[in-house]
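The structure appears below as structure tokens.
Chain IDs A, B, C and D follow the sequence of writing; residue 1 opens each chain.
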Amino acid sequence: MDTFSRLESEVRSYCRGWPVLFDKARGSRVYDSSGRGYLDFFAGAGSLNYGHNNPRLKAALLDYLDGDAIVHSLDAHTVAKRDFLSTFEEVVLKPRGLDYKVQFPGPAGTNAVEAALKLARKVSGRETVINFTNSFHGMTLGALAVTGNSVKRGGAGVPLGHAATMPFDNYMDGRTPDFLWLRSLLEDSGSGLDRPAAVIVETVQGEGGVNVASAGWLRGLADLCREYDLLLIVDDIQMGCGRTGPFFSFEEAGIVPDIVTLSKSISGYGLPMALTLFRRDLDVWEPGEHNGTFRGFNPAFLTATAALDTYWRDENLQNETRAKGDLIAERLDAIAAEHAEAGVTTRGRGMARGLVLPGRGEATRVCAEAFERGLLMETSGPEDEVAKLLPPLTTSVAELEEGLEILAESVRAVVRAPQPA
Amino acid sequence: MDTFSRLESEVRSYCRGWPVLFDKARGSRVYDSSGRGYLDFFAGAGSLNYGHNNPRLKAALLDYLDGDAIVHSLDAHTVAKRDFLSTFEEVVLKPRGLDYKVQFPGPAGTNAVEAALKLARKVSGRETVINFTNSFHGMTLGALAVTGNSVKRGGAGVPLGHAATMPFDNYMDGRTPDFLWLRSLLEDSGSGLDRPAAVIVETVQGEGGVNVASAGWLRGLADLCREYDLLLIVDDIQMGCGRTGPFFSFEEAGIVPDIVTLSKSISGYGLPMALTLFRRDLDVWEPGEHNGTFRGFNPAFLTATAALDTYWRDENLQNETRAKGDLIAERLDAIAAEHAEAGVTTRGRGMARGLVLPGRGEATRVCAEAFERGLLMETSGPEDEVAKLLPPLTTSVAELEEGLEILAESVRAVVRAPQPA
Amino acid sequence: MDTFSRLESEVRSYCRGWPVLFDKARGSRVYDSSGRGYLDFFAGAGSLNYGHNNPRLKAALLDYLDGDAIVHSLDAHTVAKRDFLSTFEEVVLKPRGLDYKVQFPGPAGTNAVEAALKLARKVSGRETVINFTNSFHGMTLGALAVTGNSVKRGGAGVPLGHAATMPFDNYMDGRTPDFLWLRSLLEDSGSGLDRPAAVIVETVQGEGGVNVASAGWLRGLADLCREYDLLLIVDDIQMGCGRTGPFFSFEEAGIVPDIVTLSKSISGYGLPMALTLFRRDLDVWEPGEHNGTFRGFNPAFLTATAALDTYWRDENLQNETRAKGDLIAERLDAIAAEHAEAGVTTRGRGMARGLVLPGRGEATRVCAEAFERGLLMETSGPEDEVAKLLPPLTTSVAELEEGLEILAESVRAVVRAPQPA
Amino acid sequence: MDTFSRLESEVRSYCRGWPVLFDKARGSRVYDSSGRGYLDFFAGAGSLNYGHNNPRLKAALLDYLDGDAIVHSLDAHTVAKRDFLSTFEEVVLKPRGLDYKVQFPGPAGTNAVEAALKLARKVSGRETVINFTNSFHGMTLGALAVTGNSVKRGGAGVPLGHAATMPFDNYMDGRTPDFLWLRSLLEDSGSGLDRPAAVIVETVQGEGGVNVASAGWLRGLADLCREYDLLLIVDDIQMGCGRTGPFFSFEEAGIVPDIVTLSKSISGYGLPMALTLFRRDLDVWEPGEHNGTFRGFNPAFLTATAALDTYWRDENLQNETRAKGDLIAERLDAIAAEHAEAGVTTRGRGMARGLVLPGRGEATRVCAEAFERGLLMETSGPEDEVAKLLPPLTTSVAELEEGLEILAESVRAVVRAPQPA
């Protein structure tokens, strides 16, 4: 273990809450080097929607690699990429009536966000991007400038600009009408808000505390963007790929973003991959104007295609996700009701859920208790006040119930326990 | 083929010069869907130093995946990561006397650069970073601000700041002493150069035109950094992992950077992976201050370990690379001599080599001719005036000779041919 | 007249509404070259609070200049500066219990604002400054970044940053509690608002539309600043020097800003002069760290001293200003009542008053009609929707009534007139 | 005296070297409150080219003020402004074939620079402005970003951007050809220099150390600007109005800038005034896009007109300035020769001259010695290593000789004296 403390930077964080050595994983279970299993309600921060080492995807991947197919191709044409593109068109875009072009902006979500911001600025000739309180879009300078978290922002070492933060849905507890502030600024030529290029939004803010934007709020935002000629970017990196039920998290609101970012579970197997999608007429990129080495990691295209083929050619997964989401919500509500006097509440949509523990440090202690009991969860929110549940979508009902029971016990252990001095 | 033009963004570029569908690859050969093979002197822009689907690495990778070992772990402790760290320490760091901490900053080179810049600014409390003409460090806003290429910079859509560009080695053809300008600015409190945090440099500028910094210039730069208390960042993303001979490209100069970035060939198999290394005392990161989803892609750790075990426990690869580099240089010099009247010259170190064709569009046409003859190469330099050779280090002498003969023919076809109207 | 159109930049603006050649001026009357007189309810945008060529100040000035006293001294010690400083201390600072240091930051208001912002950032080590919707602080880049007007901002030619705009008092018509948004951002570590250095505010926004901050709102702001350790800068350039009654416009609210800017009427005679005042413990400037050529324009010190001696050693002016302000308010209310169906309303405090004419272009036409009738007024507000009254404080009641009668007629001429096609 | 230390900010600087109270001034003499006279070789940092209280200008000014003519008019048409404009056209612009429009950008030089930069960016649609090492353009954020001095820059409290510093003439002691670096960057699309809007330059850098640009270098710069479509801004605030001989300091080089800034001596009497001049076709300002309160300070227009009438309708002043400049140069050369072993050298053009004393603190001590002997001078240069001479142009030969003799004695007192411990 001291290999890590001796050699790895102090920046490491998740490992601090899980002081074991992970070794194997299947489905919703992860095993440490001693063979102990853990239910995984973290799922690689939403990157493993189909579970660890999903057997259908694994078979395809092993076959691909075994056959000496192309692994790395930058942006050259490959069979795996062609197959992904045509499957993505057939299974995702066409049925939803989305006439998007697809950009491979690099392997990580933050690359997809950087490409989206660059394109929005290039198309509009404007610079300011509207973001929202408690948004999280990535760690590279462009994405970080539209991210709310002050610790992350502080890491920049330079001022972060060209962004203007607005209140997310219900940020001020209903005490102001939606978009009152943003609309006032946009309508007032003396407001000091330079005309924005775009708005970037998550439909559910995972890292920000599992804050859910209502369908009505999202539609209002889309209308506002149309009215003021702002490009609407939905960052669906964590909430896309079925996390809330439908493939895209914005489908329920009935809106069509101008630009969409995907990453995390798009490869379906934890392989690094990201996409930036945009309306065909916005494709004003010059060849090579945005490039990068790992834009063509073909094993990810292969597993992405297999995931689409396996899970998105019918509505089964989507329906199951909704049902499982309801189950989780019900159990979380019960936990919250049990601890109503402690102010415990719940949030979420689909299989992205949060238990809000307002006592200082409580959510962190709940996750620690859960770990002791064999359940992996992380906290989120600006004060780490939310215990966040992102189980693989393929988690069985029995596993969900097992995990939720552990969670209930963990909350009891913390909320009823005397506070540490 | 029209899948790509219909669905993929116009930003795609390499594929435009290679209008075939790649399917398989082994060692230094890539095969298209019709079965035609191509010698690959591009190597994923330096990401495939050990060739495509290297059999030693492949065996390890298949075994790993087949055993349901951890694929995706964010920054949790895993067996694969531990093994990588301890092997990296044993094989790379210790023998070179480098007491570096290791950060996993995200899967791509640009993530490693962003982390390096953030850390340098955080450590120093200063903002300006010195970069060099024709540098290339990445596409995200922080890395792009220290990148020279005007087309890439133009894609930012916002002004790029907090950087100051200085002349790379021999930029002004020897007409000024090294560092005259930079030293003047640093010494002069009226120079307008705010005291910099750091210098970021490539020892050989691959994308910038295969511009080689001499060992003397690099030592002068390191001395200057020490004298003025600037952190020295070597971006070894393309030139590290043995491209110029030794594991790190800066070893020949005998300098020890404060911060080093690695990516491309570090996984050895084309799997996305990047590292930011830095002096132990610079490790001032707060836990989680820089994070990201794909920092823990364990198959890459596995192949990286296998690559270190296979190629870096002795000096064979390093010595072969030097010898092959000399061979390439010799043949390129012969080509240049054959076309001396056209001003053709050569550049490079180790197995990073360039043939400079000063006629407008010549290098691009040479690469097109080479492709027709079954050789993959790319151009580099601000005007695409350099035909760049980055063959896998494992390319056999026979393959090198085959490729260089194709190149010689291609140059003849272009330089002697009448210019297109 | 075509001298101006031939030689002066198109940037000129007031002259377009007043197409005559002004020549002489006394008290509240300005005369054109034909001898026609105009009542001046504009007063050099608030720079002539004691009227044109005020005889008491004029006598002192002529005597000073005639005696070959020092005119220009940069920041050397002069008799005139000493006298100003000691008089300012005795008449202004001491009676109000203000322990401020005085900086001479340059001759214009924007210089005073730049110095205030620089000092606030230097003291705090932070960069972001909170400003308010429809604020106006100046045209130089630092001041412009905290100014709301989009036309002015657009003139910058570069992005304006390091500022965050918040709603001014009653900006959203009472639909949100005061400071709900700002407080939310300050309290939430995920809000995206980097911790600010300071808040800059006008108590009445003259250029922004004669928007009045209530005493309660100002106290709330001062409390918030104290609570969150933000420096409070009151820009009293237009509203200070008695415009609202007391010497400083913030006195009525009972707050004590950390930094105050003064200009416009501080010299009392229209001579360029500006001050930046700040709490003694904030005086961390290095000698010469902020300099400038016209910081020591001694005739302005002389008239400033004379103005303090003449008008601020007792409470007469202050009391008269309140009474005259009430008179103006009463008459404006009557005009508004007469045109209630057209939505005409009033705003203001002391002798800074506005008549809001919501019909497009109405306020501009009212000012044009007033000019025809011999009254000088300007518009303000983001859409030029406010006819603004800033008569000299020394304007007699008879002159006020004369001007207000002209205004009443002018409004009738516009609001009842058919709209131009 | 303790009025100043008690009440005035620590930012005051000149007064620290001259611990007396100035009271009166005539021509080239300033008198303290005890009646002691000082020869003034500082001239308000070049603002008093025609001496203190110049009698011709004084008479006009007293007459103007006595007659209740307009003092403050913002940008309304006034008789004094008309007269200034037509005289400026007749006496300055027409004879030199300059078809400039005139902007009144505010009362100080830094306002003129801000307007110049804003206009250049607006016209070109680009952001970067090239400036030079040891340039000095002002203290407001836009002007400060193109100023070299690190102490001044440090006062900004925010990063200063949108500028790129290049070496001034002879900056690297002739070791590189002129413009080698700038031209390389402009020609190289990989240089990292975003295409600039403009170049801003002083022909002689007064604050930067009396660094003189040769006519050839200035012509080369003008050619480069034309070749690369960059606007050429000459900041003639200190060197214009005859300081080097001709009205504009760039006349000798035979170049025609696109934009020129003037201030300091333009009013001729130490009254705050500034101008931004530009080619007629660059006048793309919207009305009011750049404004400010003290753009219409009419007494300054009046004295400016009187100064043009008095001194610029023939070539006498210009010729005398050249002759006096030669005299000063001769005497300074003699001083330098006397102290050749101490490395003393001279610089300058016309009546802007500098004596370079390389020993640490020597120039400051020389100025202190000169003050003791009744001569006012300031230091300049990044290390205050230059004793700068800017006597009024109207200084008599006898006064010049008197002052130069004092200077010679002061240098002897310092350079021959033992260094303080």
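Rule of thumb we're sticking to: a contact is a pair of C-beta atoms (placed from the backbone, for glycine too) under 8 Å apart; a residue touches a chain by one contact, two chains touch by 3 or more.
According to UniProt, the chain labels map to these proteins: A, B, C, D = Diaminobutyrate--2-oxoglutarate transaminase.
Here the structure is a predicted model, which is why all the values come from computation and not from measurement.
Student: Which chain's centre, taken as the mean of its Cα atoms, is farthest from the centre of chain D?
Tutor: So the chain farthest away from chain D turns out to be A.
Student: Out of B-C and B-D, which chain pair has the most contact pairs?
Tutor: Looking at B-C and B-D side by side, B-D shows more C-beta contacts.
Student: Rounded to the nearest whole Å, what is the centre-to-centre distance of chain B and chain C, using the mean of the C-alpha atoms as each centre?
Tutor: 58
Student: Please tell me the distance, in whole Å, between the geometric centres of chain A and chain B computed from their C-alpha atoms.
Tutor: 31
Student: For chain B versus chain D, what separation do you get between their C-alpha means, in angstrom?
Tutor: One centre to the other, that is 49 Å.
Student: Among the residues of chain B, which ones contact at least 2 other chains?
Tutor: Touching at least two other chains: 127, 151, 158-159, 161-162.
Student: Considering only the defined contacts, which chain C positions touch chain B in the complex?
Tutor: Residues 158-159.
Student: Give every residue of chain B touching chain A within the complex, in rising order.
Tutor: Interface residues on chain B, with respect to chain A: 1, 3-4, 6-16, 18-26, 30, 33, 44-45, 47-48, 52-53, 58, 61-62, 65-79, 81-82, 85-86, 88-89, 101-104, 106-111, 114-115, 117-118, 120-122, 127, 138-143, 145, 151-152, 154-158, 161-162, 197, 237, 263-264, 269-272, 276, 278, 283-294, 297, 299.
Student: Inside the complex, what are the residues of chain A that reach chain C?
Tutor: Contact set of chain A toward chain C: 127-128, 131-135, 146-151, 153, 159-165, 167, 171-172, 175-177, 180-181, 184-185, 188-195, 208-209, 381-383.
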